[in-house]
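In the two assemblies presented below, chain A is common to both, partnered first by chain B and then by chain C.
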Partner chain A sequence: MKYYPTIGIECHVQLSTKTKLFSEVDNDARGKEPNSCVSPVDYALPGMLPRLNGEAIKYAIRAGKAMNCKINQYSRFDRKHYFYPDSPKGFQITQFYHPIIGEGYVELPSGTKIRIEHAHLEGDAGKLTHFDTYSLVDLNRVDTPLIEIVSMPDIHSSADARDYCKELWRLMCYAGVTNGDLYNGNMRFDVNTSLAPEGAKELGTRTEVKNLNSFRSVERAIEYEIKRQSKLLDSGEKVIQETLGWNDATGETTGQRSKEEAKDYRYMPEPDIPPIKLSEEFIKEEMEKVPMLPNDYREKFGGVIPNDTLEVLLDYPQLMGKLGELSDKSIKNIANLFSSVLLAEEKSSEMLEQLPTGKQLEDLSEMKEKGELSSTGMKEVFAKLFDPQMKTKDTCNIAKELNVIQENDTGALEAIVDGVIADPACAQAVADYKAGSEKVLGFLVGQVMKASRGKANPGAAQQILKQKLQ
Partner chain B sequence: MEITREEIDHLAGLSDLSLSDKEAESLKGDLENIIKYISQLNELDTEGVEPTYQVFEMENVWREDDIIPQDADREKLLNLVPAYQGNIGTQDNQIKVPKVL
Partner chain C sequence: MKIASKEISAVSLVQEALDKAKKYADYNIFISMNEEAALNRAKEIDAKIAKGEKVGRLAGVPYACKDNFLSKQGATTAASKILEPLKAPLDATAIEKLEKEGAIMIGRVNLDAFAHGSSTENSYFGVTKNSADTTRVAGGSSGGSAVAVALDIVPFATGTDTGGSIRQPASFNGIYGIKPTYGTISRYGVVAMASSLDCVGFLARSAEDLDLLMEICAGQDPKDLTTLPDYYVNREVKEPKKIGVIKDFDSDAIDSTIRGALKQKLDELKSDGYEIVDLEMPILKYALAVYYIICPAEVTSNLSRYDGIRYGYRSDEAKAVDEIFGKTRSDGFMPENKRRIMVGNFVLSSGFYDAYFLKAMKARTLIIQAFEDAFKKCDVILAPVSPNPAFKIGEKVNDPVAMYMEDILSVTLNLAGVPGVAIPVGKTESGLPLGLQLIGPRRSDKSLLAFAGKIGNSLDKEGA
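What follows is the complex of A and B.
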């Protein structure tokens, strides 16, 4: 039987504020010793008082703007109780009743719109590492600020789910609210999948696959769940509502808990943190700080940069920003260099952090257009714009040093062409061309290039050769 | 209001506590008393009254996003962890707990 999948996604985004959500300690624990970024608040020592980080509120407004969401002028925090060693407080501080970010939508590259139900601020939990009989607890991540983004069940294929997660990642990176480091778990996805017979009005029983940290694993986990649930339904069995884990190595989902009972988190208002009340001006001011987003760039560059190249480059906000600095006539050349040279480099991530100036790139493209640089020459000069020894120089000077400026001076070129025509080694080719063989022209152009040590402009050389051999 | 043994067991489970019959029975009595006491509030008509979330009537109490060195460093905090029963204590600068999955 054919089933129609319905998918909703919850996404946790770690915010890149300097300090945690409720304590004044370092929020970036990457590469730091376990339990070195903690305070008595994270330890939940008696008498501790969480103090809200105002910057996280601003980040939330920007994240909301990126998802076309309404920002709620009134929001507040609640305690969500659960017992687990990753949370010394015994509860998570979250926004259950009054989230800061209201309804909105994310538009996929395909044009499909996925509605956002809401998004809220909350503190992350600590990290557990499990051993045979015990677990070790690292509290560095406790109360790192998170935004949990809850989508409506508007997704109906694994491919759209992947595109949605990727677009969310881009939006959060462009809005500047996260480091977007997926490898370090900066974004984590929980995926709800249910199947119903085609045309059915009611949704089927859903399962939730938790803690996916790559777009690929989101796609694979959904494909697996669709297959698994189809098989169950085909054989007349029921899908059990349960929380599942994903094993990337085996490509299967696995049950995490044997018995699924209604969760009882005993939510109550967080008495230590007074509510947030935002003025319209405050919200507007923060929203205006959001720079151009992927869709703005799609509109701006759509006719100039080929679609597939643009979609690749969109993963790198730095590159989009740089292209935005350039004049229209240079964009295509430079976009091409970004995708074919820069991103192909092994050290591309370092290079992204130290891009050439707009002027250097503009000059580079102009030299190519004027015929002063061949495609190869342009790539060589481009690579040197990242060289610590060279990068402060003008593009033109680098090209001169590399000796790659093409000979466009007709007088000098003519002298070289004359030399080639007079060369006895070329006599046969010259005779063949005059007898009507067009294809030897390539050989003769090659000889001119050789005589000029690669600096001749091949187009110009060909033209002069043709004239002289008429 | 009567609290059932099931409700006691459910609450104990949420906090990962195991109770003896005697403890459960005594807690049942305590909880019933507490709820009876609080239930007096039900005599008031609170229709249309906004719940009190906090008593100071403050709003927007935020701090700057600046890192402040903490008096309590890692060693001090790890020293607070009780050490007993083998699987509770500290190890490799982390807190060691019995495995819970």
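What follows is the complex of A and C.
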């Protein structure tokens, strides 16, 4: 039987604020000792009370704007209770009743719109590492600010799910609210999948695959679930509503608990944090800080940069930002350099952090357009714009130092062409051309290039050769 | 003041307090003593005075700390087993402010574990005895604080009041105690009971002393988001003209000695020219029920952190993680703690939340409004603190409902967030102290204390 899948996705985004959501401790624990970024508030010493990081509120507003969401002027925190060693307070501070981010939508590159139900602020949990007879607790991640983005069940294929997750990731990176490092769990996806017979009015029983941290695993997990659930339904069995884990190595989802217990989180308003009340002006001011988003760039560069290249470059907000600084006539050349040279480099991630200035790139493109640089020359100069020794110099000076400026001076070129025509080694070719063989022209241009040690502009050389041999 | 003028040395004052603490050991007031550290601090202060250096407003004044405040000095138990005692890396904001003014903590005093109780009988460290009659309870939960002050071991003690825990023991022992307006003194570093009700306050031998302590400790604290911008320090005092009496409290459920004391005080005030205003506040009959829903809900949440993982007691028998939680908490909490945890979980569980917790929150809003309305008709309210004077040890400990009834007159203030001051007004024929409470509108604490000083009995011929 053919089934129609319905998919909803919850996404946790770690915000890259300087400090944690409820304490003044460093929020960036990358490369730091376990339990070194933890204050008494974070490890829940008795008598400790949460503070509230205003930066996280601003980030939430920006994230909301990126998803076309309404920002709620009134929001509040609640306590979600559960016992686990990664939760020092015995509850998570989240926004269950009054989230800060209201309804909105994310538009996929295909044009499909996925509605956002809401998104809320909450603190992350710690990390457990399990060994044979014991487990270790690292609380560095405790109360790193998260926003949890809850989609409506508007997704109906694994490909759309992947595209949605990817677009969300791009939006959050462009809004500047996260480091976006998926490998290190900066964004994690929980995927709810259900199947119903094609045309059915009611949704089927759903399963939730938790903690996926790549677009590929989201896609694969859904494909696997669709297959698994189809098989169950085809054989007349029921899908059990349960939480599953994903094994990337085997490509299978697995039940996380043998006994599925209905959890009661006993939500309660957080009495230690007064409600958040935001003025319209404050929200507006913060929203205006959101720079151009992927769709803005799609609109801006649509006719100029080929679609495939554009979609690749869109993964890098820095590159889009840089292209945005350039004049229209330079965009195509530079976009091409970004995709064919920069992203192909082994050290591309470092290079992304130190892009050349807009002027340098603008000059580079202009030299190419004027014929002063060949394609190869342009690439060579481009590479040197990242060289610590060279990068502060003008593009033109770098080209000169590299000796790659093409000879466009007609007088000098004519002298070289004259030399080639007079060269006895070329006499046969000259004679052939005069006899009507067009194909030897390439050989003669090559000789001019050789005589100029590569600096001649091949187009100009051909032009002059043709004139002289007429 | 006498210390700064070299009449008495800080060392002799602290030594005297320590000696008295030993003398009254049978009352079981202290959980731990700070003898050496306290004497060292006193020496430092005496040296400063000798050199003519400036000292704080409480220089050399010994005090007792309710054992649910964190401080670098000593270790905190909250009168429970589960904290095992906790060595804290920081001072509670209130303690920090007191110490900065030169106050010297001589020790930590007993309470009902986690401040759950009205008699100091629910302590892991045993019961504290009443200062006037050792067969009777000290009241609670700040029982140790009240007895330490009443026996004049120290001139003041810190306290916390979530549903009467300062005012009731103060009146059981014939001293003064203030539960300030919610948010007046920072809760940072104080073991939480019920966050939206908890107030840090003091017990002392005069309203004047309480005023000085409030001057020192009131004010906004960035570490406690619920603290109010300062409204207290150096503010003008307003003398009340109209005294309200809550008619709904005037029932047979209240002991005749208490009703008699109230009537006598009202008559005095009337003859002194104050206008007495009768108040109808029928919503208050729900206050106790509302309190015993909201309070346990917040209690169960705040006690969730005691899981044996990061600090405190952990059961030796526990192996798997669920056992660590289960056995640690079963062994570590007192029966009253567990009772409140169970009630709290019940009222918060899905399916019951709307019927209990949400409804209680709505009723709480009505109680707040009832007080706002009342203070349109009068300036202060005079009321009993508890339905009876100090009761016998063991009398109510096995009857939780009777024990909860003890709080029927005091919890309303915590629900409304308004300030209350317990004042001593006399004694029963058998010599048990009788107290009343003055209630004022939010932020009227300073005026309330000034009036309390005027109408309350005097304990000391001379102050400390």
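Here, the second predicted complex is superposed on the first by the 470 of 470 C-alpha atoms of A that agree within 3 Å, B and C clash if a C-alpha of one lies under 4 Å from a C-alpha of the other, contacts with A are read in each partner's own complex, and residues count from 1 in each chain.
Here is the rule we use: contacts are C-beta pairs under 8 Å (C-beta built on N, C-alpha and C of every residue); 3 or more make two chains touch, one makes a residue touch a chain.
Small disclaimer: the values here were computed from a predicted structure and weren't measured.
> Going by the contact rule set out at the top, does A:Pro274 touch chain B (first), chain C (second), both, or neither?
Both chain B and chain C are touched by A:Pro274.
> So, does A:Asp264 touch the first partner chain B, the second partner chain C, both, or neither?
Once the two structures are laid over each other on A, A:Asp264 reaches both partners.
> Once the shared chain is lined up, is A:Lys89 touching chain B (first), chain C (second), both, or neither of them?
In the superposed model, A:Lys89 contacts chain C only, not chain B.
> Per the contact definition in the header, classify A:Leu361: touching chain B only (first), chain C only (second), both, or neither.
neither
> Is A:His81 touching the first partner chain B, the second partner chain C, both, or neither of them?
Once the two structures are laid over each other on A, A:His81 reaches both partners.
> A:Tyr134 in the overlay: touching chain B, chain C, both, or neither? Say first, second, both or neither.
first
> With both structures superposed, pick whichever of chain B and chain C touches the larger number of chain A residues.
Between chain B and chain C, the winner on chain A residue contacts is B.
> After the superposition on A, what does A:Gly47 contact: first (chain B), second (chain C), both or neither?
After superposing on A, A:Gly47 lies in contact with chain C but is clear of chain B.
> Residue by residue on chain A, keep only those touching chain B in one complex and chain C in the other, then list them.
Common to the two interfaces on chain A: residues 40, 43, 45, 51-52, 81, 83-85, 90, 135, 137, 264, 266, 269, 271, 273-274.
> Sort out for me which residues of chain A touch chain C in the complex.
40, 43-52, 79, 81, 83-85, 88-91, 135, 137, 264, 266-269, 271-274
> Per the contact definition, I'd like the list of chain B residues that touch chain A in the complex.
Those in contact with chain A are residues 10, 14-16, 51, 53-56, 58-68, 70, 72, 74, 77-78, 80, 87, 91-101.
> For the complex, which residues does chain C have touching chain A?
Residues of chain C touching chain A: 69-70, 76, 78, 83, 86, 88-90, 92, 187-192, 194-196, 222-226, 297-298, 300-301, 303-305, 307, 309-311, 321, 325, 345, 348-350, 353, 357, 361.
> For the complex, give me every residue of chain A touching chain B.
Residues 17-19, 24-26, 33-36, 38-40, 43, 45, 51-57, 76, 81-85, 90, 129-139, 264, 266, 269, 271, 273-277.
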